[in-house]
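Presented below are the structures under discussion, each in the form of structure tokens.
Consider the two complexes below, in which chain A is the common component and chain B and chain C are the respective partners.
== the complex of A and B ==
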């Protein structure tokens, strides 16, 4: 049995928990889908830039650091983990370690809005069943179906009608230790009509342990609701596949800010479907991949009804021998007249061996729309580099400053100051630990 | 301080500097004037170490060291400063971060103690005032959206912070209004000292009214064709360059500044 088989059977061999038996119909439907779905191959259009077999091969496990960890008490471990959190963020903090909720690390007193699936009331169970896997299900793929079949527990965030939640929700998912090798994260957000909330998701691997995460996030942003969603993916050691589906109602606003570091494999699929008129979508994302990392971003904006606006900006920074993909699709359905859709992807290649495949895809079936898209791939501006050098700054340091600058615009748009600072600090310490090729 | 002998340089295989000689002693102010395209910016770029400029002959000694073998950042750390004719914009890198990094690099190299954050801010504010830039400019991206004159003043701000020993100013006075010209001149004069030298590349007498040069050189077609005292600038203002371009003057090598 090769590593790949080992991993996929590892997925499928898991015992199904009966705690959440009320989810059985959803799981059954997923199992049903899986009989006809297959692990994507190079021939699967959406996955063609990835050598999935190679990428899913298991990582050597850092036994030393695991042994260290096993010797520690739970308290010590929690203390250690606490250091990797954005502690100054005043938020409803919900911390998961390997997909399992850890209440010792969380702060969710007086939080009536979120609940674990396993603790859901009858009414909440009904809400979950009514929403889970219902968002444009033609996007169900292999991994998200696996998630639906096998996730052990999930998180529901439910914002009642007209409710403006002041504090952000801070959802943290940490990967730690040897077991389990793969885990499923499942998040469901239902923002009722006229509600407003901020969600910050933070994925990290504080001890650089390897593992695999399969995440599915579904957001239902109902009429006049507004969700601001920041995602910071800093878990470089973790293979992660994420399917993120958003559905918007009339006059709703969905804003996403995303900062991602590469990994052996990081795959982010984002689908937003605009199903109510005058809905607005705003996506600002930046990624940085280095060494032999791979990051693959697929986004799709489904403009289904008239008069909606979407704006998407992706900035990629690709270093060393890393490989990045950006595939941005805008699909304007026949009824979606007066759509305004903009898409821009700018990339900076920091090394001759780095690669980026960027592909904006427009599919327009309405005639009265304004749609623009652009993608660029460039190198560091040599004039700027010389200017910095001429002030005594070494070439290596100058490249770092210019790399940070490239991402800074997106970081600057994160809504919470403490999150901005945290990300800036992490990025700058990452950049300053790097050596550029051919430099001393 | 700076000794340039028989310097020849090419840009994209085209020879621009054709055997240039200048010697600048500590404390001196030299002005270089000359028609458009004669090679003035080429000279400053060669001295600062821009990489598509190739020297094919000659030597440049800075405080006895061979300047041409040093990387651009090493030249800056040794005390060479170039104010650019066209300062570039660097969005995303704040002026403050840039100045701080730059100053730290220089101080580390010069074995000077690093400034604390508070000391640094105090210094930066003080120098901003000298060049009449609001401290808000420190928070903006380097030259990002600055007007032409603001960019020039920003270069002077850097010069005041870094306190170089050799300051090359390439048309820093061009495009400045009268008040800004005065600000730039004051900046230069504030730094003048017996062990610091200036090379001012300029087209106009008006800067030299404020900063009196010890020597004026005329650069035509990659060579210094005439050198003299500050009165030469006035003569050029009156007569232009054509009387020098005709080749009736003595070759530059025989003139010693």
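== the complex of A and C ==
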């Protein structure tokens, strides 16, 4: 056994099959679904722009880096990993490495709200079984079913009724190691009536390993509850597939800020299902794809009941030979009168070899609604570029500034100051290291 | 007046073109195999190359699957229960002039509001009529010939201009393009052929009128328009069919070729029988329309779609040459149980190509209206530009409106803009009109007309009037 495994041994020891036997029905149901599901193909509408061969290709494993890591002690590894965390953030910090909880890196004293599935009390087990895999998923279920069948442990965040949690939950998933091993990450959030909490989710690959992560997050935002959810995706080297499902009750508010700064392949599926009247959803996201990266974003807002409001803004920056996809669907069900739904997707294409595929969809079965969507694909505004140049800034620098500003708007909307600073720093170091094609 | 009454009234408003013309017809027995294709080809005295082309298409069609991606629902079509050829009997000795045309047939067209003699002269419109499967007569042929324009039925063109047919037929919509276009290639019975020589501005609007009359027949016509360098043509197309309880299939193919600097303006007012309130009967309109634009050329599609039980139609433009322009203006109305899945594809291949898409969808009753479009900026489409606007208007709480725009951009200097809105007739607008003494019915009609105005203004004048009236009749009495 090497040290890389050792940091997670502690957990694996607990992983006796009988210990989590109460999850068996969920696993069985997932296996059952998997028998009828096939791996999506190019013909699967929602997957047609994703180069699946890229997903399935076996990568040459960087044995040097792994050996290097294996030679290190557990403490050294932990120290290394700790550097990638937002240390100044005052939060309940829950750190996972390859989907496995690492208590040495975490800070969660006096945290009555979250628990690992493997440590759940009987009441919590009951809560988990009642919620897990019950949220509506519009998308092809193959990978999320795989997760349900195989996840080793999960995290439950349960906010009791009318409880306002002051400190945010800071969930970190770090990827170490190389493909083909897929790591499963599973999170379940249940916000009871009138509760309020902030969740910050941070995905990173500090050693630039090319592992594969399959994440499933389910959020149940009950009546009058409010969840603010920030998703910081910085795992540039990783192949990551994420199914994120939100279910909202009456008068609830769900806000999401998402920043993806590239991944070898990143697939984000989001289904929000508005099941209680006067619920509000606000999604703001930006992504930056470069080199040979692929970012594939799919969102579906299901307006099932009347009087709900949703607003979605997606910004994409695509450079080099990257391929980016945005597919935003708004589905207004027959009874969902008085719905207000807006979606906007703006993209900047920076290179001749980059591709953007965008498809904002509306599917409307009710008449008294106001829905609109807009999508644009363009390039950096030449007048803005000229303005900066006329102030003595080089064209390359001006281009860099404007690209960064395009993404940074969403950063400014993050609720936690320290997260903002952290992301800004990552962003500027990323942009300053970039080589532009120069004058063209 | 209660809202529901008004909506019911609008839903039940009639279909004026639903009569049946009783003339002796010659119709093939239902069914499709190679023999039927050989018979169609023989009937039309086609040269060997045409027959081979058809048989090739048939073989490819057999291997193809019925597409199911459109947002429409309908029972499986039994392609062997359809008769693939039907023509008025007198066709055997084809008429040489208007006087020889079966008077009953002429009366049909009169009822439809196209008295050939007067109106055509007044409007300066040359009409080609396709009745069920065959082209009946082309008016103003001689006058057109003076300026070198060829306007005739496709079967005539196959015999008289085989070199043009060989070169262009199937060049825009290949025979294996899709399920319905392959079927059309195999069994197409007739259609219109237009050739405008270099530098000629066609002296009058050209027009085709399609009518399905016979029961259990399918109409598969083809239109091929070639505008040679620097020429201009405006072409109109209208369609009607009798009201019957059975569904009938219409699978047309339209190909446009705009050579260097040419302009083609193609307008359609489609009013096939839409079926009754419960969706019984009506035409299945599965149409493939596509044009290719060479350097500096322009193709403009304008369509008003009020009929058909199911519309499945995507008039597209391939912007092949530099600086070419593609336009698509559409009003689609789906009421009763009508389903429309329509839109366009703009494929930008050349530099500085431009396209505009304006789509207005109106859903009423239990109608379902879908806009499905593709804007594709290829890596070579330097400086290309697209603007898309698709708006939907909802009338009644059981209708549906969908938008599926696909945008693919592979060029950083290309700019694509897409906007879509969906709303009902605004109560503020209605109130404003009523407060000025306009009754609600009229107000809705005004609002809907205003909603469609940006498309109607693209139609030739006579058609714009007809389209406006058609919409008014269809929406009679609807108050949002």
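Here is the rule we use: the second predicted complex is superposed on the first by the 412 of 440 C-alpha atoms of A that agree within 3 Å, B and C clash if a C-alpha of one lies under 4 Å from a C-alpha of the other, contacts with A are read in each partner's own complex, and residues count from 1 in each chain.
Just so we're on the same page, a residue touches a chain if its C-beta (ideal position, glycine included) is under 8 Å from a C-beta of that chain, and two chains touch if they have at least 3 such contacts.
Note that the coordinates shown come from a computational prediction; the quantities given were computed from them, not determined experimentally.
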Three-chain arrangement built on chain A, chain B and chain C clash or fit: fit
Touching partner for A:246 - first (chain B), second (chain C), both, neither: neither
Partner chain(s) touched by A:383 [first = chain B, second = chain C, both, neither]: first
Of chain B and chain C, the chain that contacts the larger number of chain A residues: C
Touched partner set for A:391, first chain B, second chain C, both or neither: first
Partner chain in contact with A:405 - chain B first, chain C second, else both or neither: first
Vertex chain A angle, Cα centres of chain C and chain B, expressed to the nearest 10 degrees: 80
Chain B versus chain C as contact partner of A:368, first or second or both or neither: second
Lowest C-alpha to C-alpha distance for chain C against chain B (Å): 15
Residues of chain A that lie at the interface with chain B and also at the interface with chain C: none
In the complex with chain A, residue positions of chain B that touch it: 48-51, 71-73, 75-77, 81-82, 84, 87-88, 90-93, 97-98, 101-102, 105-106, 109, 141-142, 158, 162
Residues of chain C defined as touching chain A within the complex: 69, 377, 379, 392, 394-424, 480
Chain C-touching residues of chain A, taken from the complex the two chains share: 45, 334, 337, 347, 349-379
List of chain A residues in touch with chain B within their complex: 381-384, 386-395, 397-398, 401-402, 404-406, 408-409
